[in-house]
Amino acid sequence: MNTAVEINASLGAGADSPTHAVVHAAVVGATGYAGCELLTILARHPAASVTCLMSSGRAGKKAFAIEDSHPKLRGHFSVLCEPLDVDRLINSGSNVVFLATPHETSHQIVPQLLENGLRVVDLSGAFRLKDSAAYTQWYGFDHTAAEALAEAVYGIPEFDAPAIAKARLVSNPGCYPTSVLLALAPLLKAGWVDVAAGIIADSKSGATGAGRKPSDKLHFPEVNENLRAYGIFHHRHLPEMLQELEVSRKDFIFTPHLLPITRGILTTIYARLSPQHGIGDVEALFKEFYAGAPMVRIYPAGTMPEILGVANTQFADIGFALDESTGRLILVSTIDNLGKGAAGQAVQNMNVMYGFPQQTGLL
Amino acid sequence: MNTAVEINASLGAGADSPTHAVVHAAVVGATGYAGCELLTILARHPAASVTCLMSSGRAGKKAFAIEDSHPKLRGHFSVLCEPLDVDRLINSGSNVVFLATPHETSHQIVPQLLENGLRVVDLSGAFRLKDSAAYTQWYGFDHTAAEALAEAVYGIPEFDAPAIAKARLVSNPGCYPTSVLLALAPLLKAGWVDVAAGIIADSKSGATGAGRKPSDKLHFPEVNENLRAYGIFHHRHLPEMLQELEVSRKDFIFTPHLLPITRGILTTIYARLSPQHGIGDVEALFKEFYAGAPMVRIYPAGTMPEILGVANTQFADIGFALDESTGRLILVSTIDNLGKGAAGQAVQNMNVMYGFPQQTGLL
Amino acid sequence: MNTAVEINASLGAGADSPTHAVVHAAVVGATGYAGCELLTILARHPAASVTCLMSSGRAGKKAFAIEDSHPKLRGHFSVLCEPLDVDRLINSGSNVVFLATPHETSHQIVPQLLENGLRVVDLSGAFRLKDSAAYTQWYGFDHTAAEALAEAVYGIPEFDAPAIAKARLVSNPGCYPTSVLLALAPLLKAGWVDVAAGIIADSKSGATGAGRKPSDKLHFPEVNENLRAYGIFHHRHLPEMLQELEVSRKDFIFTPHLLPITRGILTTIYARLSPQHGIGDVEALFKEFYAGAPMVRIYPAGTMPEILGVANTQFADIGFALDESTGRLILVSTIDNLGKGAAGQAVQNMNVMYGFPQQTGLL
Amino acid sequence: MNTAVEINASLGAGADSPTHAVVHAAVVGATGYAGCELLTILARHPAASVTCLMSSGRAGKKAFAIEDSHPKLRGHFSVLCEPLDVDRLINSGSNVVFLATPHETSHQIVPQLLENGLRVVDLSGAFRLKDSAAYTQWYGFDHTAAEALAEAVYGIPEFDAPAIAKARLVSNPGCYPTSVLLALAPLLKAGWVDVAAGIIADSKSGATGAGRKPSDKLHFPEVNENLRAYGIFHHRHLPEMLQELEVSRKDFIFTPHLLPITRGILTTIYARLSPQHGIGDVEALFKEFYAGAPMVRIYPAGTMPEILGVANTQFADIGFALDESTGRLILVSTIDNLGKGAAGQAVQNMNVMYGFPQQTGLL
């Protein structure tokens, strides 16, 4: 029993309007990896109830038990998983819909969900970029849901919880951007980094980050005992990082690599610190920035987090080292790509949207 | 939110004597893998509080934060981990002690803990064999804690919860035996297996089953991309299985193999079914035997569980297939060796000892 | 420099008709994993030259450099890989064709290759079963190449090199059967096993054994950190083993499992030895049986081979242990599924067909 | 059969003094991973014979078969592996000694070996740094073998084959430096990189790079499903890179990471290209620089090598991409840390020392 349990207990104890104490959640994209993690978290969440499971890739199929897709979930849910049907979703009695769907699907159905009074946490990239023209360039489709895009809130609770609390549509960040933004934002917002000297984010991700659809590149023997860089200079998560960091493409390089592991991202970030700041300043800045943030853990100066520390958790861990003679700063940022990089962050957003402590159900 | 949460809620809500609602638990051997899993489970448990952390291998060392040993636990526990000190343990205010210690250590300290009114769940092999002479043969030491051994209850809650409920000392089964016994016991107790025709348990385990102490055989490049059989005809878990199954060594073969994974056991069991029983009978037998057992999941006939379904869970999954023309039965039994094979079962035993629903904190 | 080099040197030195000293080999199915291993071996083979590369799955595509499919082979071959074209294959100047193709393709093209004077080593299952009716049952197609099937020689050089030497069509055994047959054949041929007491072969294979075609089951996160049994009682390799061992289905069980590794098979075999034979007899039998066999290595009694010992080699390693009081025998047999389980055995067969020492190019 | 075989054949055929055609090699440190790879290569080498195997960590032990340490080598070598004994080594009839030993051991015995007329390829770090004072700082011991250090040649055959050809002592580079130097040297030597803008080498290595000695950090469950950065700003391979690249510490950052794989390094390098050069220039420069280099493979612009392409080979593969608008250059360099990163390079050095084509025995 720890803090989370006490929170959970207080949630139940203090609720004088029990019908509102429980959020009814729908998960669309339940058969994917982020869907499985959402369900794993929600099964333990003291204030959420899963009322609807849908799968966007099974049009015309019959409803099925979710354990047929995720054996791990056997015995947890009695509600069946249905093919995506927007009308049924709207009428499912859900308060909030988690979309762990392809971005095309999210782009298509979000407006209708919002119109019908559902709140949405979208885990796809469909509403992350404020500039709709960027979708044509980076995602290859023309964005037509202008109103929804305009109101979408980019959902990192550590950055802007008040906006998330009010949002109807939260756009859940990409896994790579989450690992990069959490580490860089405090320093950039403080103006402590010499941006023009260039920032490099060298990321390494486990294979679930690429989804559950089989392909040549994700075939077991092609990933195992291998490491591969990809999307050099043009990965789809790049514009999202530039937008949130407010830096230009010439000053920021992002290189993702595919690790032979199931879960986890480690990003190694290289930047030049403005000369007047020492390692103690950096530590103090991080501690202050994340003082009220239960899901971010700052490591002592010089001690670096590793993937094992966050895999199968919902935390982000951040470490840093500084070569004081040259101002060279190295940050190491780790998350579980399915946790804080996807489902954990989505539920954290839901917690903020419904006024629960951020860590509810996540410890 | 699911059944577990409701249980948790009812535990809190219904407790009219709140000071007794929480079990104070000590974990000795906190720096090992089973220790980490115990702490992960207990951190979420709604009716347990961790009051003492000790490590048996750090004599003379100072107390340290448990996250120095398990980065994953950072932020969960404020109590420090101390070197094992039996007096301090006795005076730690703990109700129950989990011993995730070497069997020599458990053998040595259990009597003193019992004398001082602590209840014990021992995860080592020190109290599993009823015949003290067997320790000389299989463990290489002379067992001198006769009284404790006599009262120890072999702790599989699905088999004998009433005895566990009353026990002062529960001997938590080995990981391999758990996977084998859960699959075979229903059939053997029903007398449906032709034992004389021989039973074979071919087990494959992840590397955490061998503990955290570095060795040549557990060095990363010696395990990775490898599979190795070991302990052929003479593994230390064999006598425990013979004892609980009540079969003789000539009729039962157990072969463990080391898998290049972190967590999980899959055991493939070969037996001859008595001719009068069909596959439907086997399914019915399993369903009935485990009807009230929340931590065992029986698969439909012909569908086999795999390690992914149980890794990072506290469940045991069991599947079976029968070649009806020959009576050849194959059982596949999977657990997480650190979950139902160690820490999950230990907490399940604690739940039974303190009258909580078996699955409390385990879903 | 070792024995192999001396063999290679003598091959070159002693050849008085140099134009015949080199076998011209075609590899069809070059883009698969067995194809890659064939090319890796043939690149080093002192008496073989690769004259033609074809891929059966690229109909209508242009010829391409083989390193586009297998980066490892960059710089090794200048001949391009073409889509399968039987006429071009026949006119490619090849003496021998390695077919690492789907069994349907092999079934279809082998007769034409034989008619045109090519010798064939077929790595598919299309010509392994002597009873053509078995193809309907186990492979789901009607076998119509009766003549080719009749003349096909099941190619384990350790069992019948003279027949292979004369063969026009060698049917290369499956990977699982190779691991099982090499371990069991000496004992069964000697009549030392109590077959009626049942023989169990519990096999564990790396993922390249399932080929290079992406699928749900072979997607990286579905294999990694997992183990799964499959094909229980009805794997396609079973009839091949029954045929070669001359045992009936009721006396032999074969269970394959998918390991989270790239290469290697370990089979654990359980049998009852006839009472009059001791462990020394077994060792002597194996040593004698494989006395002239350079690619099979017999381990000392009680020492078991592991996958690391054979991965990326062309050897089969065999170990054994006997519980003399009960006659229970355990054999552990290891191969690289792409090596002795496929390409290595295919080249060994080629060596026998052309009169080279069996180990030429394989050490 | 390919180029290598033809070379091998010509070596044998053309030798009019056969007793000198074979180099007699000793391998000290035969029980380690680099030792195993050396033996694997030498077993196939047409012009080398292994005459002596020693292990530096087995003082006082008896000689043993090398397959007891490396099961993979079973059947390859009849010479036993002895504890290190310098006198016996000197009298072993060896021409060249490969030292795959701890740097302290190399530092200690190299002078004596040279004095006695043996040539040495030292795989340790003991003779890589020209400045003996650097050993105190980076390796923690005082270097006292000044003469040997002065004559040692840093052995990258692609950079200075003539010096290697004459050397008595070749200091084989570290695995990380090999991957970095091969990629950067052509550009730096050409003066095309804006060094003051900073160069970053983010390296990821398999676990065999850390040797065979068990430790907490290399215990299987601590490496598996993990990634960890280490040695930030102060890895022992850094001074070696600064020395060979002739850059200062303020302009070059090297960060190694431990990958959960057995073999292979991938280094991602970030640099700014001088503005006047385009991607075509870079490609041309690399092709020209490595025109006569059989063990380095240059990828087409924009295509990146991956670890699978070099694992279990002796090649280095190099790819590059340029963002022409900003001059940002990314290089990806891959080697097998035991191959081109250790044993492969060592044998390549031996080939140069004895006048064989560089790739002899390495394809």
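Each chain carries a letter (A, B, C and D) given by its place in the written order, and its residues are counted from 1.
In this text, a contact is a pair of C-beta atoms (placed from the backbone, for glycine too) under 8 Å apart; a residue touches a chain by one contact, two chains touch by 3 or more.
Note that the structure is predicted; figures quoted are calculated from it, not measured.
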Using C-alpha centres only, name the chain that sits farthest from subunit A. C
Copies subunit B and subunit C touch; is their interface built from the same residue numbers (over half shared) or different ones? same
Centroid from C-alpha atoms only, then distance subunit B to subunit C, rounded to Å. What do you get? 41
In whole angstrom, how far does the Cα centroid of subunit B sit from the Cα centroid of subunit D? 47
Multi-chain contacts only, two chains or more: what residues does subunit B have there? 206, 222, 224-225, 260-262, 306, 308, 311
Within their complex, state which residues of subunit A touch subunit B. 1-2, 4-5, 8-9, 12-13, 22, 42-50, 71-72, 74-77, 225, 294, 297, 305-306, 308-313, 315, 317, 363
Enumerate the contact residues on subunit C facing subunit A in the complex. 33, 206-208, 212-216, 218-225, 260-262
Please give the residue numbers of subunit B that touch subunit C in the complex, ascending. 197-198, 200, 202, 204, 206, 222, 224-230, 232-233, 249-250, 253, 255, 257, 259-264, 266, 268, 270, 272, 302, 304, 306-308, 311, 321, 323, 325-326, 328, 330, 332
